[in-house]
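First up is the structure itself, then whatever we jot down about it.
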């Protein structure tokens, strides 16, 4: 149901930018810029995926980069000289997404019963283990060198090569697809179940929602998006190595989400776009600018300071993010309702063990 | 066999440092159910502060004139107080406003705070490892093929002594009782006349001061530190706190020693490259099979 | 007689929702005042405002002639204005003795605290028997005794009791109410919130009726008990007393 | 404007500014006769101590070139950072090379510093024909196989002026022999460079009849190596060979050896150029003494021709040169020489990138402060020099150097 | 097997016995109640039935199956729905969304349908929304369908919770202190509502403190004290039971 009045000029501006994106390469021919945009697009896809886990289902996943790694390695192993396999790119997009989802299930099944904050730490641990394991299993993964000379996609006989332009369009299409799918999820039976779990897990279970399955679905669907981005990343870079998938990737994606607004799809787009702009354009320029006035501060090496400030400041002052949903805002801000406050302890004293 | 004993000694001293960090995690979690993600960085700050204080004493040319014990006491006390202040500031600036927010919110600010602290340290002393002044002579005793150094003894004794003091404080003093009451029911504690803001701040102070001790001791033990040290040490110490049963002081200590042993035995008898993996694997297993930890209590869900 | 506690035009909010609309009420020295009303009417909110757990948006709380509206809960407790909260809220993982000691948290004189402890034990002999038991292992009635005893440990001048009969068997309710009267006779002023309006009004001197955040009636307890409106709304189907 | 709409306005402005910046950095026209030398090194965070002195060396070469540049030609530096969050990053490196490739004025690039960054950059360089000259990549596979040359397997666009790990590892093994080491325990940091170096050392040391007591990998960001070193001590080695860098644990390993039962005065420590920085001495403290390391570059101080460079460097940057400053300087000189040759052939006009590449490929007998060399068919230097250094009384001390000419 | 029965059910937490050897059988179509002071184990009994706790020993039967220790969602699917003592609505979802969430277990949309919004999924969403609105009418909340649950007054929230529970078409509805905090008029309405629910074919099992309400509408009552069932019978029997009077009602009753 579209309610046109609901949209403000700024919403239209966002739409206009989105419409303009496919034409951007006509204006800007710099391959470096396009390459940056492809990288930003890959991060945006990661953010859309993580949003399903963190935003929709309310599960804080601090090891999201692990699935990105799994997706990348899956493609790298079967489309490079590593094992002499050269599978086609297109089916591998789906297969890698599926493999990442599978690992989502494998990690999620035992851990999703945990409380939110414990889950965050377990996923963080998982995020540490996965790259370390890829590093240690040098026989299959090339160890620290990773896997190189990864194949590029071909489409109707056109070889993508290393030219970033076809990747740019590929990523645009994948982002559009991801947004549509994510929005469908949000407004479906499953999306409602996630919302219910986020609000009150015990009540949700009593409504017949299998909370474990629903969370598992969120976890593995989120993982599948990063599998998808992993394949694009691997083929564009022609290289996967364990150091590409460290904690800082997970945190970058999380910061994008928090900045834009957890749970809000336009928020995810805005948040990831903003941080990418900051990362790839503003920070490096800022250092150069400072250098011209004789100030040698390297802003890029403090980007994680910036992420830290974003995480703290947004949670403290604008927890719903720059472009958050009204509902999420209420959820994060209001301290509760009268009935709850008046009845907070209207319950049988739990006879706790001691 | 000698090698095994030697590795156990390594594990215990490593574990002693984890235990000191874990105490802070467990206290803060106990009182406001927050994984204070920045706690590992407070520990690193403990090393940084110690270096700075020793540097100051040295700069004023007094280090060599002063008795060793005094230098150590001043450094330790300084590091504890400064870390305590950092902890209190963290609570005040990053967490207090979110005390009644959904749990993810303060956890996310905690992660943010951790990054901020790391970068402050990087700004302060640069991104490379920093040597820790070797002020304490390290004496090594030999028992057959097994070596025991005074630093190793120092770490373990420090950890045990502080845990004992903490236990006594929590169970036998008025403020300790106030802390436990605040942990169990904040509103009810206020109705007893307990100033919960002060009590929570005190908890952060003590927890962070203990991390400061950890930072000091680890500086002496390893002879160096760097700004990113707290990330992994913090994670492992958190694992220790969970393993022991979060909220439980003795548990944190036990968990710390177990994690230290696991790490050192894995590194010593399997391979160093799997040691971290082993620790995190242990974390996952504990959370799955015994989320309440070794000494923790099992509480039913309230409905 | 000077008012011990005087609430003036209190407005209070939870988030954007207004819970109290200009609530004014007064408690005089030595009284038992009952505050009755249905759930969600704002009774607990009123007590939270008095105890400083909730800052009102507007209005004043005057206690012994002083404005305590902006004081923090611990300072209010220090002035011997004590609340025994709804649902008892005892410290389940601490012993009965520790719970009672926490009740005397703001007091410094060891001898006086010991005296209070003796007093509580005379009032509730059951607590003395279970002095080293953890709070969580007590039965519902014993927990309520502990909650009241804990409040008494602070030597209150004004005692706010929130639903002391909640979830107790009708049998125990009788006991608790007679103890409340007993406490009052020992010189403690009491503001009582009760679901059980009939019994509350039977022991109270005066009463207020709170409806959706506003005071709608104020009178002596006897008059309220006799009032048709109160009868219909709050005393109606209480079979237990019949 | 409400706070909310303000926030949105800022968001919009930021997005628009992206197009602004894009336009601002639109490729400069070749007609203005500026010839750019790209530099891609990690110059922030932990890697800055390696990257900055190298970058300075290269920039110095460009400065000097301008002093005698052909008329109407100006040389300029376009320096980019391939570190993200303080650590060298392959993605960033590839993006940088693509950016530089998009600018037709860039004739060649000095960099990268790290082998795994090179692995991501070589395909881009190979596809775009933009020459890369690394001052410090030592991993042999980068040049010796065609696997990174994905677009044009037979076209060499990536070169290096330093010796590879197989040369350095071999030299390390030989040095170990001369030092009288018989039993060595090998530890590496499980990174591209460290592992590669350690593997070559292990192979060559064994071939020379040495005994390798064990080979372990450590984990990055680790602080505690006692358990590992206790295990090492039990094997009673003459020395520990460390493949890796100071920042991944090279200093800490050395420093903790004593506590684990290996007296640093008795048990030697050997490594590659990864521990050639001043940090190593700071971190290892007293234990740094009795350590040895190889550097894949000659000791510039020993060469008379290098003195001018050292002095010029000091004058400009007010600091001592780094281990790879000279290599960065020479790498830039190679590109400049190739460009100048092409300019001459063009009759004073700016050259094309293809011309410059061709000239670089044909470099031979190039006289430089690191010796006279050319590039072989893979792009490696024909005259690699390895120097052995030690640490004595807390200071770096040159031992000797050898020229390991290949073909 | 019985329609619904607790059979010698015991639940201990650590060393504490919360529910001890309780047996209680309910016939289909009944309105049954359980009374007792707080801490007597009533809510624990409910939590055992709906699968939040696993019984230490004993068995729970429902609809020809044993359900002790089964997960809440499984129990709900079998046809047991509940409300909570301290209301647990999805506070930041609208009333109609709350009820639709209550319908979750009777919906068939699979992952694929959710991902792609298949025609099947759309049709189902429409049907479920209508059903939810109908239930809101049944509890007289149709005018608040699009309000956030937490914005509703207390009494409305209780009714919304009942509507949400009914959305799963339960055969047995557990009401945990439905009259708590209601005034006599609201209690009258509630009694009407409970009877109407029973007349729709749903068996009702409630926990309540309000003796008036319990005695008025229940056909069968069990009395719990300290985790043990001390009496069971019709309201008349209960009121006359000396053990109940001694332990619970008091002499004046």
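Couple of notes before you dig in:
Going in written order, the chains are labelled A, B, C, D and E, and every chain counts its residues from 1.
Everything that follows uses one rule, which is that a contact is a pair of C-beta atoms (placed from the backbone, for glycine too) under 8 Å apart; a residue touches a chain by one contact, two chains touch by 3 or more.
The structure displayed is predicted, hence computed values, not measured ones.
Listed by label, the chains touching subunit A and subunit C alike are B, E.
With centres computed as the average of Cα coordinates, no chain lies farther from subunit C than D. Each chain gets one centre point, the mean of its Cα atoms, and the points for subunit B and subunit D are 38 Å apart. Mean C-alpha positions place subunit B and subunit C at a centre distance of 43 Å.
One inter-chain figure worth recording: subunit A and subunit D are separated by 34 Å, centre to centre, where each centre is the mean of the chain's CA atoms. Of all residues in subunit D, those touching 2 or more other chains are 45, 48, 86, 190, 217, 219, listed in ascending order. Looking at subunit C, one finds that residues 17, 39-40, 85, 89, 92-93, 136-137, 140, 143, 166-167 touch two or more other chains. Residue numbers of subunit B whose C-beta contacts span two or more other chains: 122, 127, 231, 273, 276, 297-298, 300-301, 303.
Residues 54, 58, 60, 62, 110-111, 113-118, 120-122, 124-126, 128-129, 132-133, 135-136, 202, 247, 251, 254, 258, 301-302, 304-305, 307-313, 315-316, 319, 331-332, 335, 347, 350, 352-354 of subunit A touch subunit B in their complex. Residues 51-53, 72-74, 77-78, 82-85, 89-94, 98, 101-103, 105-106, 150-151, 154 of subunit C touch subunit B in their complex. Considering their complex, residues 8, 10, 13-14, 17, 24, 27-33, 35-36, 39, 81, 132, 135-136, 138, 143-146, 148-149, 152, 161-164, 233, 237-239, 241, 243-244, 248, 270, 273-274, 277-278, 280-282, 284-285, 287, 298, 300-301, 303-304, 318, 322-323 of subunit A touch subunit D. Across the interface of their complex, subunit D is touched by residues 2-3, 6-7, 10-11, 13-14, 122, 127-131, 134, 138, 147, 149, 151, 218, 222-225, 228-229, 231-233, 263-269, 271-273, 275-276 of subunit B.
Of all residues in subunit C, those touching subunit E in their complex are 17, 38-40, 136-137, 139-141, 143, 166-174, 195, 212, 232-241.
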